[in-house]
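Below is one structure. I have some questions about it.
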């Protein structure tokens, strides 16, 4: 638990080996974000009103486990396992759930523990400066009348949902905690489209560069985009299965009225996956195009060499002939000698170029 | 809702991120086609006759929801969410249905809402000038005795169906709204074959160009065709699943008599998908052919360089020898010197070319 | 119906767009083979004997629909929809069946209509002159005691079956119409093996050419073979599914005694598909071999250029040195000058070639 | 039946078209091995003892069909259909079984005929001289208390099984004919590992050659190995399905006690298939490595050309300058002229090479 | 049994053919590790305490088969089949189980023998010196109250588990032998992450080298990494299936309380497989990048050749012209001749380079 967290440069995967050998259910935060503080907020609402406040100690949450009103507890910061352990105890979570909440490398998953269901997803953001997708771990525990959400750092795309709860707009206040779970996932998936749009723009830009430019940088960018696509796919594809299981789950926690929304959510993720696959195909087609354009340029350059050597090597040879110092050579002393030779040189060039044109070599 | 719609150049995907953060069921038209007007027409028919008229206000539709005659309401233009919301209210559609009707990026899908079923498909047209496939969003809602169809712009391939209703030809007037749904989808899929034929023609033309021409433009066109194939696949493949679900659906809205037709429709889509896959394979084989022909041309050009340098470099060297200004050199002062040297040069060329021919280098 | 049939050059797909917009069940022959005549023959047999005759009018068939003896009606020529419509009416076929009989682009399929089952397959022949596979549409309708077969042109591989019926050899006369259906499909699949053997021979020939020859024609032929393989797969793979469904079908039309034969037939088609896939893999491996042999030849040619330029460029430079017209230069007036220079040139060549040999460049 | 058998060179597939048009169940041996003789041996054993003898006429086998002791009839040679027909009649085999016994192109399969089950497998041997895998057709029919095995030629890997029967070692004599079937298949699959080990050795050897050698022969060998892998896969993969079906079959002929052994056998085949797939992947990675090493060598050779032409072309040009015959030129008559020029040449070379080294071109 | 074990260099597969022909259930150790000794330790524990000791003879284990306390027998060293046979007899294991314990080439598998279940897995370690993954065979037999583990050599990652048993920390002492089985597998899978992290680091390093360096060694390393990935996949992918079967098994040996942990373990393996696949994709994208960078460098080098030959070949030709020995030539005797020619040469160079720059060749 006391192992130090060293910051690592972003990789497709962070170090996971640090946990090796620890007993199952050990609580270790393997991520590298956020300081040492945990911030817990509570948003309790029903059809008629809502209260919102900060939570200082995990024990304050226990009463809300059984309350009739819907309770949303949001936790920002996963770097203090002690606090989370307290919260887990207060809410009655299995140790394996707590372990997965802290394990930011955990892929999206759904687990039904009877009294509550556990969902892991990834919030994604496109970092324009670095040019890559920045992930944030999101763990959600849905109980009868409560939802607990865990994030790595403060700041999330859930403000519109909070606003709807505060104003009472939309259906959020009228429906149960399962609809809240859906709303959070829906907003998360909406973010994926933003990321996809950014990636799509870069792919389109690159696509138009390939034929006009010849910078070897293009290939490096295609490779970088492919990495991002791989990264995205790793984080999104399992979520499709998660939402599908959630939607068809026979858990009593999921109300019938929420299922059409989950179907809609599933549909959105399918679209995200579709686009990811299309981008992959597109990148692979662009790679072919790029490689063929490199080959074509090689051909063009080679032709220059071919034309110059096939025209000037013979000519230079001819000048060499008449530059030899033989005493007895034809033409040298004739007044028309020079003209004759230059004329034949011109003729040779013309014939050579004609042949090349005819054979379509140039 | 009041967000401005900026026209975008056609991309594999339009911007979807604008919707991010809005509550589920928000009505936003994400497409870029059509002006600000909505045109609704109503075609009510039974075995014995038909009436046809324009609809001014959505409320006029409500009575037809329960009528015994079959009612086909067609809506052209999706840019006025207000009107569509009115229509949705009058016909009793779920908010998620209205959202998907407006979302022109929605992939083909089938959803059974009990009282009605909701189908999304894509109308495709081949734009010969631009050389690409132009899609149009098509949403269909089938109720007991009515069908509501939503399109982005006026102008559709459904005229033959309307003609059959007006003249009473075929089975359309004798069978229910489900047969009308089938008819519209059938016409839509028939259009796919037209698009495929156009693409197929271009692929065949390209195939014949590859070996005869050496334009680098060919590669660009292959890439463009691959994009179109990807685009097509994205729009058609999900429809296969849609029709299959529709066909095996236990919804009371689908009559037994219509199922053989749906089976036939499914079969057509399978054929479309088959052809798309074959085109993909063909393009990939053509790419191999093209790349190998580029390599072969590289070889040809290289051989020219090889022949010229291996023939003339030695010869020029020989002329160089006898162009040196040494005082004491053999042959220079012999009357046969020049002839001897030129003869040996010719001999060298002949031997060199013979070796090349023998080693099959030229 | 009156649309003119223009002959098209053979493509992977014929034009299908002509049918676009026609009502479902419209009878249009989309192929390009055969004249305007239809030839119908009837072969009625039982355990004890057989009768064979031409049919002039479709109505003559009606009585055989219910007869106890087995009736095989064969139709050559699909270009007169009227006649086929008559036959369909007399035998009680669904309009969609007639549509698919005429649609020569229809992929293999199986449909159970209760009273009868409908099977579409493709007869394939290898046209040695053109070097490609020639398909012919085959539609089969199996009823209680009858089988109707539809072909595009006269001439088929079914003569051995007819001979067995006439002579009473084998089981054909003892078993029902389902065994006849099996026999026709079996003969059709046997033809596939002939086609595969032809393709296999060409692939083997090409395989042996790749390393010995360097003709760019090889690549074109590989591409052509790949097209044929694609074409074959398109026509054969769906048939596997057809026969599998037929074999496990619970239709009363398929007798238990026929099922082992259908299992055997299924097994044959699986073998055909196996070979097609192996050919694909083989072609793809041959492509790799070819491309690498092109690269190797590029290397060989390049080495010639490298050797000649690295040997003769320095030598020519040396001759250039002593060809300069400076007044004061060493060696020029020494009697041994020429010998010294020529000796050093020879030394340079030897050292250069030794280095090349040592670095394994040549 | 009387068609002549022409010997063919080994191909991925032998000619199968000869059978085209024959009635189903026609007995034709399509292989090319063995003479005109058939050798039948009988090994009858029980827990207490065994008898072994040659069989002259097929009818001798009939009594063993019902005997309590276990009977193993082995048939070497498939070229006399008459004899096999007799044996098939005596043992009560379906005609399709006999057809598949003779059809050496038959892929591995399992068929349950109620009274007996029919299994086809392939014995494989690695022919070190020819460098390829030699297959032999193996057909097995398992009845209540008997097993009939059919092979193309004499000589098989079953001697250890026979030895165990003769000595009574192991479980073979204690268990039924199904255990004998398992034993034969187990020995057959054990042979596959021998073949895989040979192929694996060749792949390893090739893998180490790729980077050190540059022989174009390597590519040819990789292609040959790929052919062998394809060949192996074609023969082994269907057997996996066969054993799996056999193991889960509800046939009364398979005893419960034998099932763990069949599970083990299945596991072995899965390992064979695993290795085949790994070898494929390995070969494909080796191909990439080879092609990239060819490209690298191309680069190396090109650099030689580049260095020599960029160094000597300018130098030769300079000598050309001072080799011109102008009357008025600078330096020519200066005593230091030659030294100045040669010094500048050396300077040019040094600068040029420094630039190249700095730009990392050489 | 007495066959000698020759040490082999590490290959993707070790020789397996040595076992060919032996009766099923023959005990042969096919690995090449460990000496001739077997070391057996026994760890017997319950909620209240534990005893730990060495076992000299296999028979000592028999009493623990039925004891109420949990017994963990660990066997290091598989090279003495006799001892293992004794142990197998004492514990009542099937002969096929013993065979698979010794067969170190056995892929991961799960088999339910009713009284006990048998699990095979692989312990993996990354050998940094050799740069490859080192596998060790691990066989586990779980009975009612006992677990027997078999390893090839002494030294394992199970020390943390032993420590937890000794100290009574965690749940190990409170739960059954199935939880012990889970704990061992969990530690084994944790090791996989360590291996993946090492491989991941090497892949990242290579990825950054590709664009900056041009060493052909990179390709060799990519190939080596691909081999490791293949090796890993072969050992891990079947384990996913094993744990899934274990988790859903209806064996009475697996307690309900252990199932969530098995679900978690399954989830970990899925992540391992995910990363393996991502690494494969990444390597394949890196290969593309590498090949394209090789092509680009070829182009760069070619351009040098092109520029030098197109600039200096014409110039040298011009010097050749005026180096000819014709008696009557223009300019030679003019005082400005030399300046005129040199000026035109400079002009030609400038024009040439301008053209090249304009056509973007250089």
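Things worth noting here:
Read from first to last, the chains carry the letters A, B, C, D and E; within each, the first residue is number 1.
Note that a contact is a pair of C-beta atoms (placed from the backbone, for glycine too) under 8 Å apart; a residue touches a chain by one contact, two chains touch by 3 or more.
Just so we're clear, the structure is a prediction, and the values are computed from it rather than from any experiment.
Here the chain-to-chain distance from subunit C to subunit E, counted in touching steps, is 2.
Chains making contact with subunit B as well as with subunit C: none in this assembly.
Subunit A and subunit E have Cα centroids separated by 26 Å.
Averaged C-alpha coordinates put the centre of subunit B at 42 Å from the centre of subunit E.
Touching of two or more other chains is recorded for residues 291, 295, 298, 302, 305, 309, 313, 316, 320, 323-325, 329 of subunit B. Chain contact topology: the protein chains form a single closed ring, every chain touching exactly two others. Starting at subunit A and stepping first to subunit E, the chains sit round the ring in this order: A, E, D, C, B.
The residues of subunit C lying in touch with subunit D in their complex are 157, 159-160, 164, 169-170, 172, 182-183, 186-187, 190-191, 193-194, 196-197, 200, 204, 211, 260-261, 263-264, 267, 270-271, 274-275, 278, 281-282, 285-286, 288-289, 291-293, 295-296, 298-299, 302-303, 305-306, 309-310, 313-314, 316-317, 320-321, 323-330, 360-361. Only residues 11-13, 15-17, 19-25, 94, 96, 99-100, 105-107, 109, 111, 113, 214, 216, 219-220, 222-223, 226-227, 230, 234, 287, 290-291, 294-295, 297-298, 300-302, 304-305, 308-309, 311-313, 315-316, 318-320, 322-325, 329, 331-335, 337-338, 341-342 of subunit E touch subunit D when the two sit together in their complex.
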